[in-house]
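Alright, structures below, take your time with them.
Shared between the two complexes below is subunit A, which pairs with subunit B and subunit C, respectively.
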Partner chain A sequence: MGLVFEEFYRSIPKAGEEVCGDSVEIIKKGNKTIVVLSDGLGSGIKANILSTLTAKIASGLLEKELPLKEILSTILATLPVCEVRGIAYATLVFLIIDQNQQLRLIEIDSPSAFLFRNKQVQKLDYREFELEGKKIREANFKFQRQDQLFLVSDGVTHAGIGGLLNFGLGWEGVACEIERVVKRSQTDLKNNINKLVKVFNTFYGDQAGDDFTIIGMKYRRKRKLNIWSGPPLKKENDSLLARKISEAEGKKIISGGTTAQIAARELNRDLEVGFKYYDRDIPPISKMDGIELLTEGLLTLNRVLSMLKKYKPGQIPVEGKDGASRFTRLLLESDSVKFLVGRAVNESHQSLNLPINLGIRSQIISQIAEQLRRIKKKVEIEWF
Partner chain B sequence: MSKNILKICIGTPCHLMGAANLLESVEKFDCKLRQKIELKTSHCIDNCCDQAPVAEFNGKVYQNLNPEKLYKIIRENIK
Partner chain C sequence: MNEIIICVGSSCHLKGSEKIIEIFKKEIEKNQLQEIKISGSFCQGNCTAGVNIEIDGQKIAAVTEENARGIFKKYLLDDQNE
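The block that comes next holds the complex of A and B.
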């Protein structure tokens, strides 16, 4: 089983601001992952525009695989400088990790990274140099299987400033918090990020004094997901599909009421239909042994599609207990997804006069597959 | 005391035609009545989706329901 580089981030805007002044861009290209974090000066929309600009330029140039020196000098020459304070309008961190787990990290004006290795947080070995009159830190090392790396914006190292603490947490304080949280559970990265955000927010007294962002990265095993949706055209394929889904490797979803009934019949398992509505637009989920999730068909799939369209790589998957949110979460947590799609027309839906693009399963599934490919998941579809 | 079984369809057509309202209305029945009913859900009842929403009460199928109709049916047929 292969390994995959996994990264999650959360950005919290300064209390009272609508947008966050920090920007994160994550690009996956082949076996390479590029992560860019930029923090705009100040907060609010101006900071947001500046950091977005910086992050986009940087990630765009990095993606084109220009020599690093050239990229850096381009960015440094283009970054606007504040007239009043004489400092750059945005900070920048970026890292590139390739298939040999070799990691290269460059930091300009931002807090140094936190490496969690052997149950403790360490500082990286940096090499410093000057370019275009700016001090730049660079670290080069081999990222190990059990390592976890955290990048933060200065909002995190300043947490608590002027309130709970005189001078904020500082690098040591943040390292201490990260170590405490990650030590407790080393596997669930996104949960740890959520916990850390809560911790830093608490230092701010739930009123963040600055935008803050935390990105976490680590390796994990690849995850597989299998989805069966729709009854097959030929009735004799019912048992084949049921066998395929029950014998598949990885997690399993069945989408569609009729499909669930077929599965229950063919596999001779009990189907327990739920009646709890978490969201009034999404019908309840059901339960069956050996299947992670059973949802309603069309409406749920449509909602899943709209959630996927809004998703940006690296974000923490959606919350929510309804069928569509659970479905989306499972999709986002997996690396390769296999769809088994039955193309039989559901007679009952014909009476509803649904809009044509809502009513056709194969179209929705194709669109979901397209969205999944956009965020670099491996997708396979088998039609029956 | 034998329970009365109420099965409400939550398949896509029934859901769109208001199955959630039916389920909600059952939860709002007064305690005495609610205790006598065992509530279940189903993915499809009797394949009469064009008459959604559909429910089954004590073995008999009722179509084209709304909360008022359902309440009346239960009142009249409860054991």
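The block that comes next holds the complex of A and C.
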């Protein structure tokens, strides 16, 4: 089973601000991952625009695979510089990791990265040089299977400043917190990021004094997800589909009430129909042995599609206990997704005057597949 | 022991099964009925006439927010008064 590089981040705006002045861009290209973090000077909209500009310029140039030195010169020359203070408006960190797990990290005016290796956090070995009058730190190393790397904006190293702590957590303090949290559970990266955000927020007394961002990265095994939605056109394929989903490798979702009934009948398993609404617009989920998630069909799929459209790579998957949120989470946590789609149409849906068109399963699933490909998931669809 | 089954399939859902469930749950509470099991079901194959429910094995179609209380009374309360 192959490995995949996974990354999660959270950005928290300074208390009272609507938007965060830190920006993160994550690009997956072939077997390469590019991560960019930029922190705009100050906070609020101005900082947000500056950091977005910086992160976009950087990720765009990096994606074009120009020589690194050229990229750096271009970025440094284009970074807006404050006329009064004579310094760049935004900081910049970026890293590129290739299929050989070789990682290259560049930091400009930003806190050093945190490498979690052998149960402790350590600082990387940096080479420093000057370019366009800027001090630049560069680290090159082979990312190991069990390594975890964390990047933060200075809002994290300053957590607690002037309040709980005189000078904030500092690099050592942050290293200590990361080590404590990650040591306890090394597998669930997104949960660890959530925990760390809570810790830093607590140092700020829940009133963040500055925008802050933390990005975590590590390798994990690839995950597979199989989804069966819709009864097949030919009834004799019922048993084939039931067998396919039951024998598939990885996690399983069945989407659709009738589909679930077919599966229960063909596999001779009990079907426990759910009754609990977590969201008024999404019908309840049901239960069957061996199937991770059993949802209603088209309403749920429509919601899944709209959630996927809003998703930006690296974000922590949506919360929520309703069928569509759970469905979306499973999709986002998987690397390859296989759809088994039955194209039979519920005749009675056609004659109804319903607020949305229920007769378009194949279109919705094609659109979901398109969204999944956008965030670099491997998608396969079989029609029946 | 009485049993109510309410369809939560896509089209009954759109026609308001969630509200019907709420109404029935409230009625059960209000009338302090102990011996009632209420649960969901998937499509009962009668979507054009939703919301479809079943009370003690008897199929009832076209249940709406407006007539739900009446149906509840007719099938579950009168029974007790006899």
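Just so it is clear, the second predicted complex is superposed on the first by the 377 of 384 C-alpha atoms of A that agree within 3 Å, B and C clash if a C-alpha of one lies under 4 Å from a C-alpha of the other, contacts with A are read in each partner's own complex, and residues count from 1 in each chain.
We take it that a contact is a pair of C-beta atoms (placed from the backbone, for glycine too) under 8 Å apart; a residue touches a chain by one contact, two chains touch by 3 or more.
Quantities reported herein were computed from a predicted structural model and do not represent experimental measurements.
> Overlaying the two complexes on subunit A, which is it for subunit B and subunit C: clash or fit?
Here the two partners, once superposed via subunit A, clash with each other.
> Where does A:Leu299 make contact in the superposed view: on subunit B (first), on subunit C (second), on both, or on neither?
both
> After the superposition on A, what does A:Pro284 contact: first (subunit B), second (subunit C), both or neither?
Both partners, subunit B and subunit C.
> Quick one: is A:Gly257 in contact with subunit B, with subunit C, with both, or with neither? Answer first, second, both or neither.
So A:Gly257 meets both subunit B and subunit C here.
> Pick out the shared contact residues on subunit A: the ones touching subunit B in one complex and subunit C in the other.
257-258, 260-261, 271, 273-275, 277, 280, 283-284, 286, 296-299, 346, 348-349, 351-352.
> Would you pull the subunit A residues touching subunit B in the complex into a rising list?
257-258, 260-261, 271, 273-275, 277, 280, 283-284, 286, 296-299, 346-349, 351-352
> Which residues of subunit B touch subunit A in the complex?
8, 10-13, 15-16, 19-20, 23, 39-44, 47, 49-50
> For the complex, give me every residue of subunit A touching subunit C.
257-258, 260-261, 271, 273-275, 277, 280, 283-284, 286, 296-299, 346, 348-349, 351-352, 354-356, 358
> Which residues, counting only subunit C, touch subunit A once they are in their complex?
For subunit C paired with subunit A, touching residues are 8-11, 13-14, 17-18, 21, 38-43, 45-48.
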